[in-house]
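Order as written gives the chain letters A, B, C and D; numbering starts at 1 within each chain.
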Amino acid sequence: MSYFSDIINGTKSLLTGMRITGKYFFVNFLTRRDVITEQYPDNLETLKMFDRYRGEVTMYHNENNEHRCDACTLCEKACPNGSIEIVSDKKLNPETQRNVRYIVKHIYHLEMCTMCGLCIEACPQDAIQWGQNFHHVQYDRGKLTKVLNKPGSTIMSKTKEKK
Amino acid sequence: MILNVFTDIHNLLLGLMSAKVAHITELVLIGVAYLGIFAVLGLFLVWLERRVAGFFQLRLGPNRVGPSGLFQTIADALKLVTKELTGTVKADKQLYKIAPYFVITTALMTMALIPFSHEIQAFDINIGIFFLISVSSIGVLGIFLAGWSSNNKYSLIGGMRTGIQMISYELSVGMAVVTMVVLAGTLQISEIVELQKGGWFIFTGHIPAIIAFMIFMIAGTAESNRVPFDLVEAESELGAGFHTEYSGMRFAYYFLAEFVNMFIIASIAVVLFFGGWLSPFGITDAIPFAGLFWFSVKVIAVIFIFMWFRWTFPRLRIDQLLTLEWKYLLPINMVNIVLMALLVWLGLTF
Amino acid sequence: MMTNTELKNKIENLVNGLNFSGEESDFLCVEVPKEILRELMTTLRDDTELSFDYLFALTGVDFGNELGVVYHLESVKSRKLIQITVKTEDRENPSIDSIHDIFPAAFFNETEAHEFFGIIFNNHPDLKHLFLPENWDKGFPMRKDYTDINMLVR
Amino acid sequence: MEEYLTSKLKTQEYFLNMGPQHPATHGVLRLLLKLDGEIVQNIEMDLGYIHRSIEKMCERDTYKQIIHLTDRLDYLSSHMNNEAVCLLVENALNIEITDRIKVIRTMMSELSRIASHVLWWGVMGMDTGALTSFMYGFREREMINDIFEETCGARLTMNYNVIGGVRYDLQENFVKRVKDFIVHFKKKLPEYDKLLSNNIIFQKRLEGIGYISKEDAIAYGLNGPTARGSGVSCDVRKIHPYSAYDRVDFEEILFTEGDSYARYRVRIREMWESLSILEQLVDKIPDGEHRVKTKAVIKLPVGDYLQRVESARGDFGVYVKSDGQKFPYRLKFRSPGFANLTALNKMTKGLKIADLVAILSTIDVVVPDIDR
């Protein structure tokens, strides 16, 4: 007798499954309510990432094109994959009459970065921070190597308030 | 009115050439027309499948090219046409090239029997259903040859599975059809439809007809190699099964033929159970070509059920496939035929 | 549950020639000469009171002068953990007895230790390259003296 | 008749190369199958297609830098992997962490577990041919990933744990989002059962397939839900409680059938248990520091350290041999997937290719976890 009860129970289980998918079909067919996918390139304008989103490392520049990086190389040392290289030089500070290190290039290899955040934690000046940009697509890997300090930028004087 | 168009063309051709040549020309024209139907139908059904799948899966499906993504499949087809035809080095070249045409030809041949409406049916032979069943079983050769000739083990397994599956499920399709033929008393398709003017067979045949319909749907799914019986392709096991090594247009042939086969199975179901082109209660019987509308609606409804199966069920294993056929469907089918014969004999049908 | 000291005494009575340490830490560490490794493993597994029947991890270690394997065994019954170390001084042709027939779980782990440290496990039937390419001939990557130009040096 | 046939017909076993690119191998696992028709006679494994030698990389990294590498092992339970390394260092240095940290870590672990199991469920459906379950699983996973993204800044490689706590404090939205998720998921989990678990085809595909006995499960070192399907009690959350698991009330799911369907049901029931853990904790997140101060340079004393956590795949262990430097002398990740995979041959022998796919799915392999 289990032969027939097998058939009946089996059919019942199949119909239950069809009811679940059918429900979603008709809801989506009529109202699009349960559609969960993002319409990706279309929603670029409205797509906003969360504040903590780790997209890339950026350097904060204020409106006078000034940054806070004093070339201490702590971020370079903290990086596990060597994705940060700092090219620095020394110049004479006219006020204090002492040689001060300043950064020529803060090179950031996005292609090697694993977004671990150790550089940002290591930075004593809060000079580098997370950027929310996730759209890193490039046709050439070389374009992923970025220089974080903008051309012509200078270091902020210490008296200015920290961000 | 439109019927006149056919006569007009006929007369025009007769005026231009001798009767024999005109006849052949007409046949060619019909063949070309059916090729067109084949392609459009295939592309439309692919689009429908993807769109329906999208809604089942909380997605939208194709929605960029054309209204509601309707031209997406045409774009895909264009891409496939331009693609290189690759193959394995040690493939059996002749069989490898010939295999897709088996599938295409049989699909086209069976399509000739489909009564789109009262007026549109290319080939109304008096052994229609029998012809349909026998021709459609040639198609399996195409799949089998593809699996065999590709010189790929995945293809081979897929091809072997086809053989097993088709031989088994052909029986059930045939038996379910025979059940309905017992009720109809004829094999000619147009006659079967005409007989249903008094009521569709699924109602007049009641219990055995419903059982036959369910069996036909299950076996039909298996015949058209769709989930839950898509062991031939079984993308999680065999990659792409028998057409792993096919690319470009040859792949497109298989792809389209799969969908056209689904259409054919659905059409047979509509003809046998739901009165073909007949409108419900004969409301539009007077309007010519209204049958085309009703036929399409019914076929799409049946196809939707196939799609519903596909996007709900897991796949069976090969031994379970055979168990289902030989231990469940076949015995039930046999009892069902006897039941139907009894009903017809005792006059218990409506 | 047994304390580490009790465990130590218990094992000492069963097998001779072992070197114990780490009685205060979470798990008892045993250093075993490679000749009696199999004897110790069999005893630990089969003794009803100990029943260390679950090989948790098998780690190949390069000790500098020696190569060795660290086994972590656990008893499913008592959830007691024990660490067993076995060393071999021969760096050219290091060999340790395989325990894959005592603990089937060791089978692939021994293969791994073989290809990364070059330790040959006696009586292991299939010491093939599991992770590395089949034609790998650049030495044993996890050894301390292995160098690779692509390796980031700190 | 059969004797006559076997004497006349020449049959041959053949090899089928499954992977590294194959839909069912969940990544780049390569299996060399020895087949007799469709029946699997033997499986030879070839791993290492995604081997990055993370253990060797760890030997040149400080303990802080190791953490982000563990994300890349079993990427579906990256939080638990992080936690293992952090717990190891904290226990070794006796760093006292606050209750808040413990609770946050526990909640995140359970969310990760649900996210991993939900994905597994979807893929399980896909491997058996039911394609729709994948998207349904992703719907729930998306909600969890949003929680992660808002709290940790990343969806997959979370890297949320640091030594001595967690990187950021919880978002104010966190509690609300988790509560929303609990409500949502409680409605959707029964649907999972209706769609797949009770489906007759699905049951027949899994029942009695891939059997492994309790003794074999222990001997092969199986762990996690795979072993619990065979009745081996091996939940690290119960046997060696860490973080806040000693203060929540949950059940260790055990099934004794040992077949694929038992393993399937273990994971489904585990989602319910994770949900109940979340429910117990979500209203009772204690106040306090989210991160305690640690030394800038972390050096572990000479010795051997082992820390185990229950990741979504099972018993994840970190073994560190320290020589007192700031780099570990030898670090070993004991991966649960690798141990589970060793029993694949035993489970699959004599079954069909379709069964192999289903079994591979029920032991829930994540290839980076196996290759490390």
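Convention: a residue touches a chain if its C-beta (ideal position, glycine included) is under 8 Å from a C-beta of that chain, and two chains touch if they have at least 3 such contacts.
Model, not experiment: these values are computed from the prediction.
Asks: By label order, what chains touch chain B and chain D together?
Replies: Expected: A.
Asks: Name the chain whose C-alpha centroid is most distant from the C-alpha centroid of chain D.
Replies: It is B.
Asks: Could you tell me the distance, in whole angstrom, between the mean C-alpha positions of chain A and chain D?
Replies: 26
Asks: Taking the mean of the CA coordinates per chain, how far is chain C from chain D in Å?
Replies: For chain C versus chain D, the centre distance works out to 25 Å.
Asks: What whole-Å value do you get for the distance between chain B and chain C if each is reduced to the mean of its CA atoms?
Replies: Centre separation, chain B to chain C: 63 Å.
Asks: Hey, how far is the Cα centre of chain A from the one of chain B, in Å?
Replies: It comes to 51 Å between the two C-alpha centres.
Asks: At least two partner chains per residue is the criterion; list those residues in chain B.
Replies: 56-59, 311-313, in rising order.
Asks: Where does chain A touch two or more other chains at once, residue-wise?
Replies: 14, 17, 20-21, 36
Asks: Among the residues of chain D, pick out those that touch two or more other chains and give their numbers.
Replies: 61, 132, 135, 139, 195-196, 199, 201
Asks: Given the complex with chain C, which residues does chain D contribute to the contact?
Replies: Where chain D meets chain C, its residues are 45-48, 51, 53, 55-56, 60-61, 216, 218-221, 232-234, 239-240, 303-304, 306, 308, 315, 317, 319, 321, 330, 332, 334, 338-339, 341-342, 371.
Asks: For chain D, which residues count as touching chain B in their complex?
Replies: 14, 16, 22-24, 38, 125-132, 134-136, 139, 195-196, 199, 201-202, 204-205, 352-355, 357
Asks: For chain B, which residues are in contact with chain D within the complex?
Replies: 53, 56-59, 153-154, 157, 227-228, 230-231, 234-239, 311-320
Asks: In the complex formed with chain A, which residues of chain D make contact?
Replies: Listed in rising order, the residues of chain D that touch chain A are 61, 64-65, 67-69, 71-72, 132, 135, 138-139, 142, 149-154, 157, 159, 162, 167-168, 171, 191, 194-196, 198-201.
Asks: Any idea which chain A residues touch chain D in the complex?
Replies: 9-10, 13-14, 16-17, 19-21, 36, 49-50, 52-54, 78, 80, 114-118, 121, 130
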